[in-house]
């Protein structure tokens, strides 16, 4: 622990720095634990219907009539008016890129050579800025830009399971806004 | 309502791994705060713990686990939580414990031990995403910020170089901080621009590091403040606000929830012209663009104007509106909730004139601290000011 | 306000599997490190004594949680790795709520010469006897196999 | 003038052992919606602040607070999570209202325990990682999916592996605590069994209780020891349920034409988290009650409080808490339950709702379930389980294994 004095507050910086190598070389006593933590979340009506739709190659939204807003992903209530949503709407599988990133990191924060193109799709037929996150493909990192028109590329029907990954990615649909 | 004063603060070293347990870190930070306030555990009425995801420390009901280190044994002790916003939210909770008249003296402790999650805190961050819509895409946390940063830059036509100025400023400011993890007196914009690309537009030096650390803050009622100190530093305003979980259903270029939280705090503090009336501010800066984004949300400048202010030096410690004089998260480190140390503890030390080499000039009268959390949806704001 | 439509078809997908798996590395801390470094080399425990309330704390701490003062290096004391069973229970379920292959006796053991106690597994021939107040000693791993964790205490046995 | 805080609306879902048709969001929405309709308020216009009581690992998210605002009406409003029992939420709402910054605050707590597949493992994850967790069993995950992968530069620094195969269930702590209680107070296992019989019987009169059972003391005594002396029937089984409270100032209640039920005091307290250092005598309940009594101006709880809903997640806990709260001397609570004092028709009705044994263990919502019953009783809406002329009621909850923390709330009819 460093107790070096400093003018002003904090007057010292309590704490003992440990390096990664100290851990690997077991220079300090430590405990290890691998918890086993599993869930099975109930999906509820809206999300069940949405995932069944994806399995069938369809994107479902739901209409809040009080706000006149199509919610996608759908939910059974509208967070703005706190009222129920009612009418199911099938949306086209096209949209524009709301925002994106070019990722050189995989899920465990390790570096990868071929970057992942990922972002938010603002779906056609839904209000501005309404959509979901997905991958982009069939375009290079130099071509991708905000506002680009895109279209879903679906997995073959027999490979779909009722998941957001039933869409492989969104590809350029030609033209930009 | 009781007026609430701040009488002591403390914080530990911030590093990627610290040898101390979370309990011990909480103890060390609290000890420093008690020493500054000149009080003992028996003087404390209630304790608030602020600590972010259990999945970092790797302990379920982490608040309960930490409580003996945070002086909570035998006392009313509770934990509040809203992700990254906790660093300023825990002090807000401390404020209402005293302002409501329920406690005279309330200790607030914030702790985080991100190093416990092995091999990288990133593993815990995977579980902040929606399990049905997002997690099947195996997202990385940095994506979230990259997407928001891109939207912000594109809407306003902002250059990466201007945003990099923020990282440079904060890492240089941190040189005056004994607890700092990533202080660098010689860093330049080129260094930031040339650092490793993580997820465009986010580069390694745009990001604050994960850290272990703890901080503590002591509040007391105005009725009893004379017993402890001659300083008169009061909570002038508090605000917090949350936006929808559905982050893909809103335009990310501007944080409405930050503006709502700021307006709530300004109203309470009677502030009508924030950039003029605030002597300095400590907005949340886990990424360099976030400082800009939050300055705009806090109504400290026009939308899209913050990077210009950074480039022109307005936000330097000796500028017209010093921003993150502590060194912020980018320079001092980012142990999520324990960033209370660079936010509210720093605002208190600055107003008390105790910030040493980091002291903002010209006798600051009013300062703001802000944090941000959850999935780009939560803002917490607290304003401290000198009083009589 | 309320719901207009609800789920009526029980055959649609209703659940989504997921986890919060991660592995954890916990530094034993300033006090813990000292305790386990000692245990690696010795067959005794260390405890800490608070200079204000005079309580001998076990497991050892950096601070006394009641008096909230730091415990100095000269207030560390060596105590035998033995004690008295204060409380015990016979556990029949594992963490998944299934029957354990063999019931296990979990006990709170008041460590000798301290005011604290430790959680321990007790092994005994007669699982049905009343163990409250029984004297036990820690059975430790051979010194060359010790790693500096609670796993170095294999279990406790009646003396 | 000093403000007074009162309950103006309550709402809850059905309580069921599983709720597969509802996502956690829909579930919370239903409870909140009912509370807002009960109070006659619009959450988007009238409620100023929102509080949820939850813990991440119960829910399955690293930051559960993210997944809260939409369904409780809190979008673009002040909203926060309190990591504690529902009564901590009520106390927080009380303090927020007393700051004069808010006039109306909503508090939500829920259990979606059926979403969690590894309840025992999550609870074990709350033990001290250095000195307690490794004692419970092997440190390695028993070959289950989803564990992280390790980059070459930092391989897995696993230590402490052993030949054991199984981790013990964390409820063993209840076994230790019960033995401590029985030994110290000379209470018998039969007396604890009488609590089970009483609470499971009361549950018949509570339409939302999920674990009603007609049973005798002999039946309970024959039930299997799982964590001796804790038997299977001594344990409250988990249940799903969501509850919402709307709290407001007295003036607001009058404006809305609602007969207020006052939240006249609350308290919470924590003992040390170290199992080995803790007295195991429910000191947390004693101290939190002292705080609440002081706030509510109660000097003689036995005389001034008419009805009780106290934590009975294990049967002995009801007796232990009764003594800690000052309603019985040590060792006397067992006699009270045997004599029928704690029955609905007795002189100190306790757990009229069926308690956790009858309703089910609803995790962090336990305190709100207790408070819900007290408010229902004070409103006179408890139908067949109504206690006549109840004026003041106390709700108490413990944060469960392995904690030594708990909270108390006191409600008074206007």
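Note that the chains take the letters A, B, C and D in the order they are written out, and that residue 1 is the start of every chain.
Keep in mind that, in the parts below, a residue touches a chain if its C-beta (ideal position, glycine included) is under 8 Å from a C-beta of that chain, and two chains touch if they have at least 3 such contacts.
From a predicted model like this one, the values you see are computed outputs, not experimental measurements.
Participant: After subunit B is dropped from the contact network, which chains belong to the same connected group?
Facilitator: Drop subunit B and the rest stays one piece.
Participant: More contacting C-beta pairs: B-D or A-C?
Facilitator: If we tally the C-beta pairs in contact for A-C and B-D, the bigger total goes to B-D.
Participant: Using C-alpha centroids, which chain lies at the maximum separation from subunit C?
Facilitator: A
Participant: Based only on mean CA positions, could you tell me how far subunit A sits from subunit C in angstrom?
Facilitator: Taking the mean C-alpha position of each chain, the two centres sit 40 Å apart.
Participant: So, what's the distance in Å between the C-alpha centres of subunit D and subunit B?
Facilitator: One centre to the other, that is 32 Å.
Participant: Measure off the straight-line distance from the CA centroid of subunit B to the CA centroid of subunit C, and report it in whole Å.
Facilitator: One centre to the other, that is 35 Å.
Participant: If I count partner chains per residue in subunit D, which residues reach a count of at least 2?
Facilitator: 20-22, 26, 33, 36, 56-57, 60-62, 69-70, 75, 118, 121-122, 124-125, 129-130, 134, 139, 141, 144, 146-148, 151, 154, 156-157, 159-160, 272, 274
Participant: I need the residues of subunit C touching at least two other chains; which ones are they?
Facilitator: Where subunit C meets two or more other chains at a single residue, that happens at 1-3, 6-7, 14-16, 18-30, 32-33, 65, 95, 147-150.
Participant: Can you pull out the residues of subunit B that are in contact with at least two other chains?
Facilitator: Counting only residues that touch two or more other chains, subunit B contributes 17-21, 31, 55, 58, 68, 73-74, 115, 118-119, 123-124, 126-127, 131-132, 244-246.
Participant: Assign the assembly's chain-to-chain touch graph to one of these shapes: line, ring, star, complete, other.
Facilitator: Here the contact pattern is complete, since every chain touches every other one.
Participant: For subunit D, which residues count as touching subunit A in their complex?
Facilitator: 19-26, 29, 33, 36, 42-44, 57, 60, 69-71, 73, 75, 112, 114-118, 121-122, 124-125, 129-130, 133-134, 139-142, 144, 146-149, 151, 153-155, 157-160
Participant: Which part of subunit A faces subunit C closely enough to touch in the complex?
Facilitator: Within the complex, subunit A touches subunit C at residues 1, 16, 18, 23, 26, 28-45, 47-49, 51-52, 76-77, 82-86, 162.
Participant: Could you please specify the touching residues of subunit B with respect to subunit A in the complex?
Facilitator: 9-20, 25, 28-29, 31-32, 36, 58, 115, 119-120, 122-123, 126, 131-134, 136-140, 142-143, 146-148, 150-151, 154, 178-179, 196-202, 212-213, 244-246, 248-252, 345, 349, 352, 354-359
Participant: Across the complex, what residues on subunit D touch subunit C?
Facilitator: 20-22, 26, 30, 33, 36-37, 56-57, 60-62, 118-121, 124, 129-132, 134-137, 139, 141, 144-148, 156-157, 159-162, 165-172, 175-177, 179-180, 183, 224-230, 272, 274-277, 280
Participant: Going by the contact rule set out above, which residues of subunit A touch subunit B in the complex?
Facilitator: Per the touch definition, subunit A meets subunit B at residues 2, 4, 6-20, 22-23, 28, 33, 35, 39, 41, 43, 47, 51, 71-73, 75, 79, 98-109, 115, 118-120, 128-135, 141, 146, 163-165.
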